[in-house]
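Following this line, the structures themselves.
Each of the next two complexes has chain A plus one other chain: chain B in the first, chain C in the second.
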Partner chain A sequence: MALAETISRKIHKLGLIPKLIKLLPIVSLLLAISSVSWLLILPLEGNYRRTYISENALMPSQATSFFRESEWNIVRGYREEVGKLEAESIEVRNQVIESWLHEIGLITAYHENTLYSIMHAPRGDDTEAMVLAVPWITSDDEYNEGAIALAVALSRYFTRLSIWSKNIIVVFVEDNKVPLRKWVEAYHTSLEETAGSIEAAIVMEYGKNGDYFDYYELNYEGLNGQLPNLDLLNTLNLIGYHEGLHCVIQGTPSTELIKNTYFTRLRTLVRGIIALTLTGIKPKGQGCEAFSGWQIQAFTLKAKGTTGPHDITQFGRLVDSTFRSVNNLLEKFHQSFFFYLMLSTKNFVSIGTYLPSAVLMAVSFTFSSLGTILISGIPLNSFITESSKLLIIFVSIEGICLILALALPLIKIDLSIGLVVISFLPLLLKNYVKKLNKTISFGLIALSLFFISLLIVALLIVHFSLALLLGLFCLPLTFIAQPPKPQIKTLINLLISNPFFIIAIFGQDVFVGLVTSWHDMQCWTWFVVILGWYSAWLGVAIASLMGDFTVEVDKVKKDQ
Partner chain B sequence: MLNWLPIWSIIVLLPSVIAGTYYNESLSLKPLPRNKLLSTFAFQIDSLPFTLQYHNASIDSLNDANHHYTYFPRALGPILESSNIRELHLRFTQGWWDSESWGKLPHDGFRSGGTGVEVSAIVEAPNLAVAKENWFKFSKTLSGFFCASINFVDDSITTFPKHAVDSHKEKKYFSDKANKLYYIRAALPSEPICTENLTPFLKLLPTRGKAGIASLLDGHKLFDSLWHGMSIDVSTECEGDNCILKMDQTIDHVIDIIRSIRKKEEGGLPRPTPGDKLRCDPEKTFSVWQCFPLGDPTEIDWSLETLYGRLINGPALMNDPKGTVLNIITDRDNWRITAKQDRQDSIVTYTVGSDKDIITEYINEQAKYDFSFHTSDSRLIVPIETPPLIASRSLTGYSQDKGGFRVSFKNPSLDKSVDFVYFESLPWFSRLYLNTLTLKVHNSSGDFVGKDLESTYIKNRYYRPAIDRSRPSHLELLLSIPANSSVVLTYQFDKSLLLYHEYPPDANHGFSVEPAVITVLDDNGNDIYEFRTTSLLLTLPTPDFSMPYNVIIMTCTIMSLMFGSVFNLLTKKVITEDELDQLTKQSKGSKLISALKEKIQKFKSKAKPPPPSDTKSTPQSNSKEEENSEE
Partner chain C sequence: MTKLNQVLIIGGLIRFLIPTLLPQVVPILSSINEISTPINSFKSLQEAFYYFANGIELYDGGINHHPPVLVILLSFVNDLGYPVLSNIIFNLIYTLCDIYITYRLIALNQWYHDQWSSKSGSNKYNDDLIASFYLFNPLIIVTNLSHSTLVFSVLFIIETLHQLLVIKNLPRSMIALSIASYLSYTPVWLVIPLLALMQVTNPDVPKVEIYGRNFGFFLMGLMLFIIMSFLITASWQFFYQCYGTIFLFNKIQPNIGLWWYIFTEMFEFFTPFYIGVFNLYSIIFIFPITLRFTNDGVFAFILSLIWLSFTKSYPTIGDLGYILSILPIFKSSFLNYCKFSIVYIILLIICLILSPIFYYCWIVLGNGNSNFFYSINLIWGVIYLFIMMDLIWAKLTLDYIMDNDIKDKEQIDKLRLTQL
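Here is the complex of A and B:
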């Protein structure tokens, strides 16, 4: 206490506060820079951790998988027949697969064009299930021949074992984005044939790779920042390691497979953040995100390459051994991390370590907002008297955004460029509309910046990636009013922080995906973008284009 | 299609009619589609006649010297009598009954429980409090007896089923006319059934599982079935003052014959089939490395030894030639059944046959019996009976605070409507909202939803809401579903937070909701069929159990901070800033510093004489200017 007293007295004596206020914009920028640098130091040795199995019950690769030898013959047998179905309609394909499943002795049911089979566990209390989902078309638009054949062969193999205590559901779905999501939703609301709560799900993709594949790719990002429990991924990777398989995450090129350097880790980290943000928005789904939000741990497995040295039954053994591990579970997945960033298949950063990055970003916006008010030279009292007017303006901006948020998915405009143009409408109105007074101008910018800061804080635990990227994209907004820049610089800053402009860079289909994501996938990124980011942007844009800053500029100069 | 109901009742009743002894046992084998086999062990034991007495634990100790149990287990009798249990039903079940493929449950479902353990009993008592007291005492004893967690039966899961009570009304076996009978029930859905439950079950038999059909029962084989159920039913039957205790023990299980054959041939490990033994479809591409598999073989050969790894060790009782029976229910024309008697000196083999629908074979020789079965087409079996109703129940929703139940009923009959009682007991921590009950009907003319449908389909309802920690919610609905239609019931509930100590070990597993019991009634309101839905796993908000320690640490930190500042304020003297400056100047440290400063000043002024223009300014002001310029 005494120390704090002494320090505060010293600060007071030396008059540091006014000096610091003048420095606020720089402090804010420094904080933003430190936020990014925090991420950059994460892949350094000592800042990340090695993965480990937290739940003892899992016991990965402790049991020998017998999906080998003559099972390969059966996979080949099925695969040839699956290959013949490529030209057929989904109904015909389903009928054929259903007849095979019946031959194995499984119960089948339909949801729209999705066929699924249930194997009730001979042991256990019939209350829990594991899902193996196979789309007919892979995320790379390939006919998912190998995986469909594997799924049928695995179903047949599973019925031979009497060890299962959790039911096994195999889903044959048209496409791994919307139809799979619809099936998961129906399973929890309206399906007649169900098999208890789903604990884990694997989506399998093995295109026309033939008998051999080089390595497997793992996708695990869920919707709205959700990730599967780290234990499940570790289980799979440990099984893969024991099978001698290489695993790729976040699209690392196969040449960098074995390397584990700072740059490969950084690359995985950054791509992971972007991938998590874009899950549910991208036009092509990975499959695993369809299970998000129902307390189901899921990942997607993809076989890559055709030369080998690994064979298709090894891919099947990955699924078999993972199911056997999950089958061992008594409790739900809860031991390990739900929030993490992967740096490689064996290294990760946990939430406590990466969170400060987003916190720094949020603080940066708060300082920037404070700076706008304090540097303006307007007495604080006038902000308070104008506060109701300020709030009315901001609420009406939110109102406009809300109408846009609800209307755009219905209209389905696929032109984000058009929206960028519309966004700059205030510029045209500039000469016709009465100028905003200086208090409102500064107040509106400050409020918008503070709003972004609050948004980041609200999102940072639930959806770290979105919070961080939002902060980065909005950063140019903090340069606008401190001190006021020439018109052209302001315009550039506004353009590069406009949500629709940035989405346009990502691509037209990302925009369509974003707009329809709530309806199709229950992904709320669209609302964050339009009600959070766009409304704050609009606040700053209106203030900086129609506001009045002239007097304050003089005053600031005089002060200097 | 033949109606097999009377045949089943014959199997159950047959031994007691023929044999005059107090013990009968039978094994019934019924092949099911897809190479499955339903195997039913039934044991019936009667006690000697005795006079029913009401036992009051507070007055006298149990006096059963006049009882002679003979075959009736001496271990169970006194437990029943000391707690005045007049009827006991105990069920141990695991697995999923595939009614689509296997048809009706054995014994019309009256001997099969839901997943886990189910206990119900009729207790004679002067009032409810005494009845409950006896019930809890009894369940605790039973727990140790059967190595099951029946001791966890308490108020919060005990129910008094309404329909069951009504159907037991005519039963009158009081030892004291002032007493009443109470029907009490509890279920433990998450109890795993294993060998430790089988051993005490066999111990109740007079043969102790060493002879007769019980000699087949081996835990490893029995629990490797697709579905299995054990039941114990004790009832009191009186004629005047003379009463006897009747005990029925059954074990039903469904065996995967193909798996049993494979296990016998290849051992326990599910090794891949050797390439030359693969059964491939010759019409599709077929080579050394490719095979489109055929389904299970239909020409099969198996024997009791294949299934159980053991042989029947002679009759149960040597002096009772008709006490041990084997019944085989199958298509006689397509199955060749051979019996093999392995006596000490010779082996006798003969074909078993019968001109009746059921093949009945008495085990009466002191020999090891094996029965082998051969068929060229295992699909040809006695047609399965469609159950009168198909029901399934599932959980809906995903959140941690609320959820819903969805129960769907389907009447498979094309011309008859079906009436049934739906009994459900839900744990108190799922707070049911009956006002959210909605009914969706699907029939040949379309789908219908609406509140007004309720009166058409729900004939009667009984609901007893839950009381936190002391009573489960208890719902009984009398429903009627017309031919060829299905009805879906949905209702919502809230999940409550439990107290820290109320979470069981492995709390993150979730909480089991016991299976709902469905009793199908005939036109006269008699029970004709009974079955259960599966149990459900309810996820409650489960805390991280390290949380309390975080709370303790946080609380301690805040308390120490507060203590520190309060202590600081209490012990410090409050002074103004000027006084502080004065005081600091007088302190030894600051004196030393000022002395040092003076010396430095002197040194500086000596080394560098001040320029003539600055002569007026004091050294003090000079240093100030320096400071400013540095800024």
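Here is the complex of A and C:
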């Protein structure tokens, strides 16, 4: 207490607080800059960690997989037959696959056009399951010939092993976005044929690569910022390593398979953040995100290249060995990390290391909100007397946004450019409507900025990527009020922080994907964008376009 | 219409119309663990109604933790035969409770102002503001809408103060406190600051009479209720279920309090030790608080109340809500010297946002764990500490100003006190 008292006396004596208040805009900007720099230093040696297996029970690659050359002929045979089905309708394809699965001796069932088979575990208590999902079309719009054949061959192979203590479900699904999501939802709510709680799921993509492939790509992003347990990814990567396979994540080009430098790590980090934010929104799904929200750890495996040294059974061994590891688990995945950012397949940063970045961003917004109020030169009491008016304005803005939030998903057309134009309606209105008074103008900006900072805090843990990107995109809003700028600068600041403008930049598919993502995938990013980001943006826009700042500028100048 | 009436009507309508038009609100809110706990939830009360109506022992199964008299009185409303009508009457009862508390707070505000304005020279908040602070406090609104029985307990605590200070009826005040204690155990410790408060406000009455007679009233009231409960249920099981659970921290369903985490399986070995320490901890500070602040007995009483809800075994966000709405009464004296309110208001908002999110991460998504949720409980505790520190410091500052008779406004602004 004595130390705190000494410090507080010192601060008081030096008059640091008034000085600090004057510097608030700069402090806020510095915090935002340090937030970004924090991310930039993460890929430096010493800031990230090497991956490791945390759950001992997993024991990856400890057992020899027998899915080898002897099975290759079977895979080839199935692939030959699957190739013939390419022109057929989904019903016919399903019938053929179902007859094969019956021959193997598996139970099959349907959900809409999704066929799935259940292999009840020879050991174990029939309460837990692992899922192998195979879409008919890969995420690159290719006929998923290899993976379908592999899935049938693996089903056949699994039945001959007596070691399984978790049920194995193999799902043949039309497309790995909505239909797979629908199946997962139905599995947990309405399906009759089920096999217990799903512990882990693998989505497999092996297009027309033939017998050989070069390396595999791993996708792991879930919906709403969720990630699978890092142990599962490490298990797969360790198995891949023992098979001599190369793995890439976040679209690393094939020429950089073994490259691990600062820049490759930074690129993986940034791409990972963007990919996690856009999961469920992009028109094409990866597959693994369909399992989000049901406590299922899932990833997607894609075979890449056609000439490589690795054969298709090796791809099957990845699945087999991963299943055998998961099969060993006695508890749900709970060790290792659920919140991480990958820098390469072998390096990651955990939540404690990357979180300060978004925290700094939130603090930056809080400071600029405080700065807006304190620098305006308006006595604090008048903000309190106007608080009810401010709240009413803000609540009505929220109301407008809520209507948009519910209405736009019904239209399903890319309206982003139109919405950007409509957003600047206050610019036309200001000549006809009475100007907002100074207190309300400054108050509304401060309230909106504070709202963004609370939004970032709320998303901090659940959806770090969204929180961070939101903070970055909204950053221009903090420059508007302190000090008030010429109109053209304000307009530019407003334009580059407008959500629909940024969505338009991301591409036209993103808008439709975003508005339909809640209905299709239960991804709530749309509501964050419209009820959080856009409403705060509107608050700042209305205040800065229709508000009264001019007099205040003169006053500040006179005071100085 | 006066402003006060407007506030009362709007506040009342929020509490009455929302659960009447959207009956599903009550069960939803009463199953959120920040808003209600097994000890005061309406859900378990309804379970108890069912037991009572079907002739099952009230405390079988360990679900009901409400005292028998409360269960039986309210079951008359529940057993009207028309569930819709019963619900409406329940809504009405809870609404009226809050309106009643508001009136009592307004009267207390007036009383406190009369005591202090001459000494401190500060103004009070108007009646309509006091009513708004109470009726529009979102924490209190959700507690009321969840039909938590905490409302009754608070009502009798406020009634205790009102009877003592405004009506000046000491026995009734004691009886009100005994009812509050009977309803939820923790207020039993408020008897200590209350007796001190009685002594301060009634300097003419001999001490023996104050302490002896009134404490006697309190004990008799409490005994009466307990014996009545024993006679109704014909067993002492209620005592264990209603008070033992609170005392022994038996229900470790997560809540926003500090202790549930410590009673999880991980620390099982230490459980008896923790039970002892935590109970002692919640009681022991009542004495120094009372002794130090006897010159303003109401402050000691409210500070003890804050302390008790801080160290309670099953707190809810409502506990803090009530405290925050009682504090504006002190505008007449030391509230102007509180400095950190902005800090704990922001902390409070952040806590209220993050607490349900972390609970969701832990229970639904499975990617978080209990530590996430508990970290927010710790921050919740920090908010309490901030409030108590701020209040005590403000009070001491005011005492210093009054002792040294500093009148000059500028001098007061420059004044910086240090703790040595």
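Throughout what follows, the second predicted complex is superposed on the first by the 560 of 560 C-alpha atoms of A that agree within 3 Å, B and C clash if a C-alpha of one lies under 4 Å from a C-alpha of the other, contacts with A are read in each partner's own complex, and residues count from 1 in each chain.
We adopt the following convention: a contact is a pair of C-beta atoms (placed from the backbone, for glycine too) under 8 Å apart; a residue touches a chain by one contact, two chains touch by 3 or more.
Because the structure is a prediction, the values reported are computed rather than measured.
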>> Which partner chains sit in contact with A:R156 here, chain B, chain C, both or neither? Use first/second/both/neither.
In response: first
> Just chain B (first), just chain C (second), both, or neither: which does A:Q295 touch?
Replying inline: both
> So, does A:F339 touch the first partner chain B, the second partner chain C, both, or neither?
Replying inline: second
> Where does A:E193 make contact in the superposed view: on chain B (first), on chain C (second), on both, or on neither?
Replying inline: first
>> A:S139 in the overlay: touching chain B, chain C, both, or neither? Say first, second, both or neither.
In response: neither
>> Tell me which partner touches more residues of chain A in the superposed arrangement, chain B or chain C.
In response: B
> In the superposed arrangement, does A:H12 touch chain B (first), chain C (second), both or neither?
Replying inline: second
> In the superposed arrangement, which partner chain does A:R68 touch: chain B (first), chain C (second), both, or neither?
Replying inline: first
> With the two structures laid over each other on chain A, which partner does A:T114 touch: chain B (first), chain C (second), both, or neither?
Replying inline: neither
>> Give me the intersection of chain A's contacts with chain B and its contacts with chain C, in residue numbers.
In response: 1, 9, 293, 295, 332, 334
> Residues of chain A touching chain B in their complex?
Replying inline: 1-2, 9, 66-74, 76-78, 80-81, 103-105, 107, 120-128, 156-157, 160-162, 188-194, 196-197, 293-295, 330-332, 334
> Across the complex, what residues on chain C touch chain A?
Replying inline: 346, 349-350, 353-354, 357-358, 360-361, 364-369, 372, 416, 418-419
> Once bound in the complex, which stretches of chain A touch chain C?
Replying inline: 1, 5, 9, 12, 226-227, 293, 295, 332, 334, 338-339, 366, 454, 457-458, 460-462
> Can you name the residues of chain B that touch chain A in the complex?
Replying inline: 34, 94-96, 98, 100, 115-116, 189-190, 192, 223-227, 256, 259, 262, 269-275, 278, 280-281, 284-286, 289-296, 392, 394-398, 406, 408, 506-510, 512, 534-537, 539, 542, 564-565, 568, 577
